[in-house]
Amino acid sequence: MEQQDITNIVEAALFAAQQPLTLPMLAALFQDADEVSHEAISRALEGLTAGCAGHGIELVEVASGFRYQVREAVHPWVARLWSERQTKYSRALLETLALIAYRQPITRGEIEQVRGVGVSTSIIHTLEEREWVRIVGYRDVPGKPALFGTTRQFLDYFNLKSLDQLPTLAEIREIADPQLTLAADAAATPDAAEPSAPDAETTVTEPAVATPRTTEDPA
Amino acid sequence: MEQQDITNIVEAALFAAQQPLTLPMLAALFQDADEVSHEAISRALEGLTAGCAGHGIELVEVASGFRYQVREAVHPWVARLWSERQTKYSRALLETLALIAYRQPITRGEIEQVRGVGVSTSIIHTLEEREWVRIVGYRDVPGKPALFGTTRQFLDYFNLKSLDQLPTLAEIREIADPQLTLAADAAATPDAAEPSAPDAETTVTEPAVATPRTTEDPA
Amino acid sequence: MSTDTQSIEPVAPAPDLVPGHVAPQQAEIPLALVRGQPVLQIPQDLYIPPDALEVILEAFEGPLDLLLYLIRRQNLDILDIPVAEITRQYMDYIGTMHAMRLELAAEYLVMAAILAEIKSRLLLPRPPQEESIEEDPRAELVRRLQEYERFKKAAEDIDTLPRMERDTDTAQAFVPDRKIVKLPPPVDLREMLLALRDVLQRADLSGHHNVEREPLSVRQRMGEVLRRLGDGAFHRFESLFEPAEGRLGVVVTFLSLLELAKDSLIEIMQEAPLAAIYLKARATANAAD
């Protein structure tokens, strides 16, 4: 049998097997008539290992044999195949986020003062982990509390060019639940302003913008 | 993001996934900040497809998306990884499957009508267990019999992108002229056959079609 | 090819079907697998165990399949079946099955009745005036045979499609870390604003927080400036401005500096009139530790 054929069979077997394959296991795929030596299989493995250079996968030898595996470098993207969504954020978190956006730079104590209740550390952690808020400085008072502000990622997520595109506090106070008017919003999301819906300029069309990559969960 | 990185991520994801991946699923692996267009992913798929030339595996598109699979040419060797595996299906099962595929939605009674024999419950069970067919509705006649249709898994299993890719059905020929054919039937008398002979010559093409394929064990 | 003369010649006569003779077989196809061995032909002079014959019977998918076999074996045109002859062969087969005391599916007997009926109608003299109207008595059977045959063929075609497990398998690579990534939930801006409105209403009720109208870009810039001053060092006033932002950007930065000073978050220093102005955060991370 030609070396190229041996290499292709070894390659396909390694990809098809559910576990790592040892040299004897690979040799067992061939019959006497194929006249395949262990050296030829070793050569195949060497060739395949080299062939992975510059690819998203690699051929490695582990304790129980050879296997193809996903390279570490691309793992963060591949891992999204098994991602799952967490449950919705609490009202407390949304209030905290909104206050940071509108009153930044603001300390946790100041947020608590407006909300009238404490802000749990986990809420701040979640917002920091999501990279929507960060510490921008410290207030020069006893305890030197951290001052929080919003980030560029926060603006990007809500498709805003700047915070000015958020409605003013005065406007927010007047909004009624069903029809939240948001003049600046239309400017922020030109795509959302469908020609068929002229009132899109004045109504919130955010959901379509804010959740684009949440709709296709590969898991 | 560089095209090479995109290609490597797509490659690794296709190898890591348990089922075929669609273009939107692949696009969902990337974040906005990666700035990856659908075109870039398509280019990655094209590049990967071309890259399989001369290898033991290939990148194919089936109904549920793209997947890497073992090339037919090397599969006989690879199949030795699994000593006992059911890969043959009875004629009864295949005929039932064919009727569901070509005539869906179809009831069990309608299948039996065409086949001229009963369809055993175990065949329907096997087809449902393999997730090749499923109940798609019920016919509004006494007894409300279930209507069966094929699934995406059926197409995936048989390497098809859509039902259009199924082999075309043979045509039904009509008995042209009752008198001529009746005369031919009375074939006990050779004279009577004369007028119909040319007709028969041109239409008898069936045996050539019906026999050569049946090389496999019908059981 | 098939001609009528062939069809009446006893090329495949009934003795075929008598036990001890050659049993029905589909061209060169093995009739069945008995203990893994293909059965191509039944030994003529040997006793056939009943279960072997049963296997042969099972090689047919019902009466339509058996009829097709009888027709094809003699290269007959399906549109032109010699009903009398085919019926005789079919009956012989059924008879053999009976003789073997094998359980025969009811469908086979129904077909026998249909064949007998067609045969009798063909034998009846037809009134001349009705000749053109009356349908060929075989038409319905021929249609069913063709319909069955096309799906028999379709099943064979499907069987030849390259399929998983038999002809190919999916190619997969190991993923070292397969733990599930938790994606944060999506947030709707409107929801966040409604939350803020509620907070404001609560704050208004408690009465000690008055929220004025102000450009939010200034608030945003305040954070940005604070971060730049986060090292605790003095920064030149001019270095905080980005000329590329234009006049509006300069104004926003200036207003943010005033706000920061008013809020005692920064110190502004000038050693002498017209000298360089320096700014410094009043508190930094290091100082906080």
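Note that the chains are named A, B and C in the order they appear, and that numbering of residues resets to 1 at the start of each chain.
Everything that follows uses one rule, which is that contacts are C-beta pairs under 8 Å (C-beta built on N, C-alpha and C of every residue); 3 or more make two chains touch, one makes a residue touch a chain.
Worth saying up front: this structure is predicted, and the values here are computed from it rather than measured.
Chain contact topology: the protein chains form a complete graph, every chain touching every other one. Comparing per-chain C-alpha centres with the mean over every protein C-alpha atom, the closest match is chain C. Using mean Cα coordinates as chain centres, the one most removed from subunit A is B. Centroids of subunit A and subunit B (each the mean of its C-alpha atoms) stand 37 Å apart. If you average the Cα atoms of subunit B and of subunit C, the two centres end up 11 Å apart.
Remark: subunit A and subunit C have CA centroids separated by 28 Å (rounded to whole angstrom). Multi-chain contact residues of subunit C (touching two or more other chains): 169-173, 175.
Listed for subunit B are residues 12, 15-17, 57, 68, 70-71, 75, 78, each touching two or more other chains. Put simply, subunit A touches subunit C in their complex at residues 12, 15-16, 18, 20, 57, 67-70, 72, 75, 78-80, 82-89, 91, 94-95, 97-99, 101-105, 113-116, 126, 129-130, 135-141, 144, 146-147, 149-150, 157-158, 162-164, 166-170, 172-173, 175, 177, 180, 182, 185, 204, 206-207, 210-211, 214, 217, 219. Chain contact summary for the complex, subunit C toward subunit B: residues 1-5, 7-8, 26-27, 29-30, 32-33, 38, 55, 58-59, 61-65, 68, 72, 75, 77-84, 105, 107, 111, 122, 131-132, 134-136, 138-139, 142-144, 146-173, 175. Per the touch definition, subunit B reaches subunit A in the complex via residues 4-5, 7-13, 15-17, 21, 24-25, 27-33, 54-57, 68, 70-71, 73-75, 77-78, 80-81. Here subunit C touches subunit A in the complex through residues 169-204, 206, 209, 211-213, 215-217, 219-220, 222-224, 226-227, 229-230, 264-265, 281-285, 287-288, going by the rule given at the top.
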